[in-house]
Amino acid sequence: MDFEFSPKVKALQAKLAAFMETHVHPSENRYWEEAEENRAQGNAWVPTRIVEELKPKARAEGLWNLWRPKDHGGTLTNLEYAPLCEIMGRVTWAPEVFNCSAPDTGNMEVLLRYGTPEQQDRWLAPLLEGKIRSAFLMTEPGVASSDATNVQCRIERRGVEYVINGHKWWSSGAGDPRCRIYIVMGKTDPDNANRHKQQSMVLVPADAPGVKIMRALRVFGFDDAPHGHMEIALKDVRVPAANMLLGDGRGFEIAQGRLGPGRIHHCMRVIGQAERALELMCKRLKKRVAFGKPVAEHGVWHERIAESRIRIEQARLLTLKAAHMMDTVGNKVAKAEIAMIKVLAPTMAQQVIDWAIQAHGGGGVCQEFPLAWMYSWNRCLRLADGPDEVHRAQIAKIELGKYL
Amino acid sequence: MDFEFSPKVKALQAKLAAFMETHVHPSENRYWEEAEENRAQGNAWVPTRIVEELKPKARAEGLWNLWRPKDHGGTLTNLEYAPLCEIMGRVTWAPEVFNCSAPDTGNMEVLLRYGTPEQQDRWLAPLLEGKIRSAFLMTEPGVASSDATNVQCRIERRGVEYVINGHKWWSSGAGDPRCRIYIVMGKTDPDNANRHKQQSMVLVPADAPGVKIMRALRVFGFDDAPHGHMEIALKDVRVPAANMLLGDGRGFEIAQGRLGPGRIHHCMRVIGQAERALELMCKRLKKRVAFGKPVAEHGVWHERIAESRIRIEQARLLTLKAAHMMDTVGNKVAKAEIAMIKVLAPTMAQQVIDWAIQAHGGGGVCQEFPLAWMYSWNRCLRLADGPDEVHRAQIAKIELGKYL
Amino acid sequence: MDFEFSPKVKALQAKLAAFMETHVHPSENRYWEEAEENRAQGNAWVPTRIVEELKPKARAEGLWNLWRPKDHGGTLTNLEYAPLCEIMGRVTWAPEVFNCSAPDTGNMEVLLRYGTPEQQDRWLAPLLEGKIRSAFLMTEPGVASSDATNVQCRIERRGVEYVINGHKWWSSGAGDPRCRIYIVMGKTDPDNANRHKQQSMVLVPADAPGVKIMRALRVFGFDDAPHGHMEIALKDVRVPAANMLLGDGRGFEIAQGRLGPGRIHHCMRVIGQAERALELMCKRLKKRVAFGKPVAEHGVWHERIAESRIRIEQARLLTLKAAHMMDTVGNKVAKAEIAMIKVLAPTMAQQVIDWAIQAHGGGGVCQEFPLAWMYSWNRCLRLADGPDEVHRAQIAKIELGKYL
Amino acid sequence: MDFEFSPKVKALQAKLAAFMETHVHPSENRYWEEAEENRAQGNAWVPTRIVEELKPKARAEGLWNLWRPKDHGGTLTNLEYAPLCEIMGRVTWAPEVFNCSAPDTGNMEVLLRYGTPEQQDRWLAPLLEGKIRSAFLMTEPGVASSDATNVQCRIERRGVEYVINGHKWWSSGAGDPRCRIYIVMGKTDPDNANRHKQQSMVLVPADAPGVKIMRALRVFGFDDAPHGHMEIALKDVRVPAANMLLGDGRGFEIAQGRLGPGRIHHCMRVIGQAERALELMCKRLKKRVAFGKPVAEHGVWHERIAESRIRIEQARLLTLKAAHMMDTVGNKVAKAEIAMIKVLAPTMAQQVIDWAIQAHGGGGVCQEFPLAWMYSWNRCLRLADGPDEVHRAQIAKIELGKYL
């Protein structure tokens, strides 16, 4: 047992932190200003120049596609990549600079692991280059999507094609004009007795006839442009049979494989957010004076700072342990730990950020600081990829299963 | 001791509820759609037609200026008006229909209680008619505004005028083009040994030279157009000496008098929101099915529904008691109770709404339901008019003061 | 709606508080010292002299059997009696001084409402005189007793007698040598299709052959002598058929009727405990100095004091409202409110007491202050008469039932 | 970074667990029964036979003095010993079987590190043999002992002796007749400008004239016999000057050095308790049936089981990390982490145990299960060695110190 990062990881942490310090943090507001400007000019759905400017710089420094699994052409284990996610996570838009942003990483991983050479040539290659973006169409507005058997979207084989009909939402990233490809979850065999063999995943080009973006969902008022969370109707959308991923009825299997690493990435990023929030909180409290002394000397804040530090430390360790287990025993054995971090990291971050908001007064809830956005994002994460309740039920099932 | 509302109140509750049922609830989304349409057309700061259409109807039914204090031309005590606030609070934009919306009610009350006949003629009369709107400029971005001695805005007497220099934000309602008048808090006598005699309040027309709206603050990501929370610079703004309210150095006194009723209104409205959230939660849970049964039958939700009901009931009773004390012993004696409800009602509502959001999945955090807005609003209320910590400290001081 | 107590109630509050001040508080420790002395001498199960001395004094002042329902010979409504419970509750052993202690009040109420004249002559009369005590044998160690259909105890008719076999525990008060009569819940008709008609309640003299006290249960280490919470075996215990209460199969009905008032009494008493704890906390914090200032000036305590005050105020109001509803619409209509206070009052009190314990350091967890006992008692109340979960489920069922 | 225990540790875990399984768990109740029997016979302060029987067995297996630091004759680092504490902690009285129980381990460590050869011969040797026991007299009833400058106990040099006057309580273990030696904290130089040079620690034999055990404190209602937490008066107690530890004015320094390892031991033991509580909870929930299904299938419990598992995992990792830091960078650098685990482990365990209590109904709060004792013990730990608030303030100070 050893709690030190390896020299390799420490070197990468230092390099990435330096890049963030030099290039990202000083430009943090430029992203929002560009988005605001675009919004004011009537079209918020335009990629920002700042991200595009920084991408070649990151790539030149070797800080590119860091997420890529070691067994599929990458150089880092989950345990090695995880602490880098934390650093990137400190600025909401930073991961894309390194081509490490969700949902692209998850989608690329699906294509890496399960894609045919043709699928990889057509879609994976440009994704790895950061030339296009992608979306994952799973959640549906009409049903409790946490139960995969509820999926209503139909993927029907008609000769050499599949015909897709469905209604999806929370298709994150689909607002970006560069988003060219969707991975769509639907049912090919709704009557299959095995409830986990009913679903399939198929590749659908964003410009396929019948695809219609209905509206951009707002996360607590944020449109998250130019990324965006879209509601999308799929009406008689036809794609070649070769667009099926892995094979009919294997959608649930892909979903399971896709989720593990993504959860670690998400969790480490929100731990980065929590660290950032704690830092902002401390700085603010030292700067503001009320009732005769710096607010940092008001005792109630000591409780919150200490609790923040305690919770962040714990969450990081358990997330790293889950990453370690992914690397050593695989995500099936690690499923309890992965479920645990999925529940705890956003909940923890939400609390730390909430305290930081309180420390910032009115500044905390508006665009003056990144806190309100971070808060709303963590609130969403408690629903995305299954609500907390479903994960807690799974953990409980594993725990109860230890006893007769 | 009696926990029944009087027949007079019951009749008003029924009448108001019927109006809401007939006119407001069916049009709830129209408000948001109009705002969205205006926003898309490049100017979100346009009053909605729906509110303007409903105002004469409400007035015709006698549901107008219900907030008006009994000792200043009104017909309802605080205890009688409070339950009406709860009903109006169920739809965020409803109070304006009845000319009962913040911050206008608080500003009108200030003019009623402390305004000169000239000030009343010029500003109160059109406000009571619902023809113009108003804003309250107190909070400043540069200091901890919860400590009134921190106020930086200067109001300097120069002959027959006051010259005002300051920087304010969270000036709610100042985004509305009909907002014509600001009540501005600043220091006339910053060196006065009595720290509560340094501040004054002065009337500043929105179109006075030197007034500049810097930007609209977003609550989480909501712009709250066409109402808006504005950041406003005041640079060498000149107003006639007759615009001073009550007299130099009496700003703190006015602020104290203004806050009591406003807190009861806010609290009752958020109790209305909590009731609405609980209702939405129950309905949703009954409708959605997961893992073989309606989500309403998953035990974890019984805990949350029950806790929601328990907390709402308690918060309502204490708020009504505070209203009763305002009526019977006055807001100085009731200051502990007023501080208590200021802390508890938004905190309670935030929790109930959070559970409701969780019950709604992705729908809960976006514009599909009013929940995300309600949540963000309650989060703000924990900062507005002083953060929770300041009120809790006041309550503690009163409590500790009971013992030697 | 009116939040003031009536003059009648205020007069009784004053009288009772004066009695407590004069007679009970100064002797508070005597009770524990006597119990300790008896314990040291090898028999803790001896009634204390202090209670016996005070009983005639209380009776002489008319402070006797205050719980007695107005419709059964008493003078106070639930709403009038409730605030008196709060005052008595401040000292754990005080209620018995006024013949107002559980479980006797509940048992007397059962005999008043459902007893035959013979049953009343034999058992109710001496209970009303405070000459004997009683116990209620419902909970069983082998099953989840919150589900009444789980009851294992059998009450079988054999000619002119009932034969009782069962195993009970948490028979509070059965440690007292004056405890002469048990009300025993068991099944007379275990196969009755109506699951609420299977149970009956029968009177069993404590000295009936076959009754065996197995052991005294300790509440977090407290034996609660001389009151005691006993585990009791009933083996072939025979009682005359005339000892049946109300009739075969009516045990559930009696239980339902018995619980309402008892819950209000319990809740008001624990509100009294919470008030006491808050008072002790404030006094302690003002007295102790750490790190250069009174602990009362450490900000973290302001949060806790304020939260304590807020929660106590709310809990009291809702409990009083439940009492009011019991008086005006009856305990069936008030069942949601009664369930609510059953959950909230002990939970609230536990938290306030826990903070008070923390304020007292090592003194808080030992016999130096009444806090540890109060804490453990409230912890038990969250299980007694059904665990919180069962009550919350009932509240949720009522709430969900409001919607289709 | 590696989350696996070393083979050495795994082997020790297995050996210790096997010993617990074979010898301790089957006799768990015997300890309590012996104590109860002794109590009933009028003297609870008699060492149990079960512990004495098991000690030679443990020693024979090499499971003896496992706590002994590697740099002082032991074989295990903090990181290696910590997981063994967890196993021993599952049964409250188990650590003594291995001569690993508090406060003896801490006292032995003080003697190992700071004792003179004479002090070690006289007191350390028999302690290491498990022949005598010891107590640590620091906390005082009259002051807030968390602030070391509050210590009232005086240690005055008079020629070749020190004369000690003071009043101590929470002297754990001093109830045991084998407890022969006290380490007493007091002030030798109360006027020293350096507030951390005022205190000294001196060895006081339990039978020194002037030592008087006033009473046994009850933890909630538990007397914890035969261990005991005593209140002790020291009146003109004289000890040779050679009994001073390390030198005059170095008491604070010793206290600091003593606390680090002890905190890790305490924390790991309570993590063991939390694991035990979770195990008991799961087993109970599977066994009991209510409202038509095993309670384990009631959803509310899934939330609690999952939260328990999440919190235990996190707490263990952070505690192990603190142990690792103690080993690698020392307890000064690790002081934040040590403060963190001191706060989090008992708080976490208290919550898990509380849920387990709730799952056990009336059984949970009485002597039927070890839960009530565990709960009360964790409650005490939140006060022992400084209340949570003091540790949180220290963590906050370190955190705030990172920023200008």
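Lettered A, B, C and D in written order, each chain numbered from 1.
As a convention for this text, a contact is a pair of C-beta atoms (placed from the backbone, for glycine too) under 8 Å apart; a residue touches a chain by one contact, two chains touch by 3 or more.
In this text, all values refer to a predicted model and were calculated from it rather than measured experimentally.
Of the two interfaces, A-B and A-C, the higher number of touching C-beta pairs belongs to A-B. If you average the CA atoms of chain A and of chain B, the two centres end up 36 Å from each other. The geometric centre of chain B is 43 Å away from that of chain C, both derived from CA atoms.
Between chain A and chain C, the centres computed from C-alpha atoms are 53 Å apart.
Each of the following residues of chain C touches two or more other chains: 298-303, 389.
Taken as a contact graph, the chains are fully connected, with every chain touching every other chain. Those residues of chain D whose C-beta lies close enough to touch chain C in the complex are 42, 139, 141, 143-147, 150, 169-170, 217-223, 229, 288-291, 295, 298, 300, 357-358, 361-368, 372-373, 375-376, 379-380, 382-384, 387-390. Chain contact summary for the complex, chain A toward chain C: residues 298-303. Interface of chain A with chain D (complex): residues 1-6, 9, 79, 278-279, 282-283, 285-286, 296, 299, 301-303, 305-310, 313-315, 317-318, 320-321, 324-325, 336-337, 339-340, 343-344, 389, 391-397, 399-400, 402-404.
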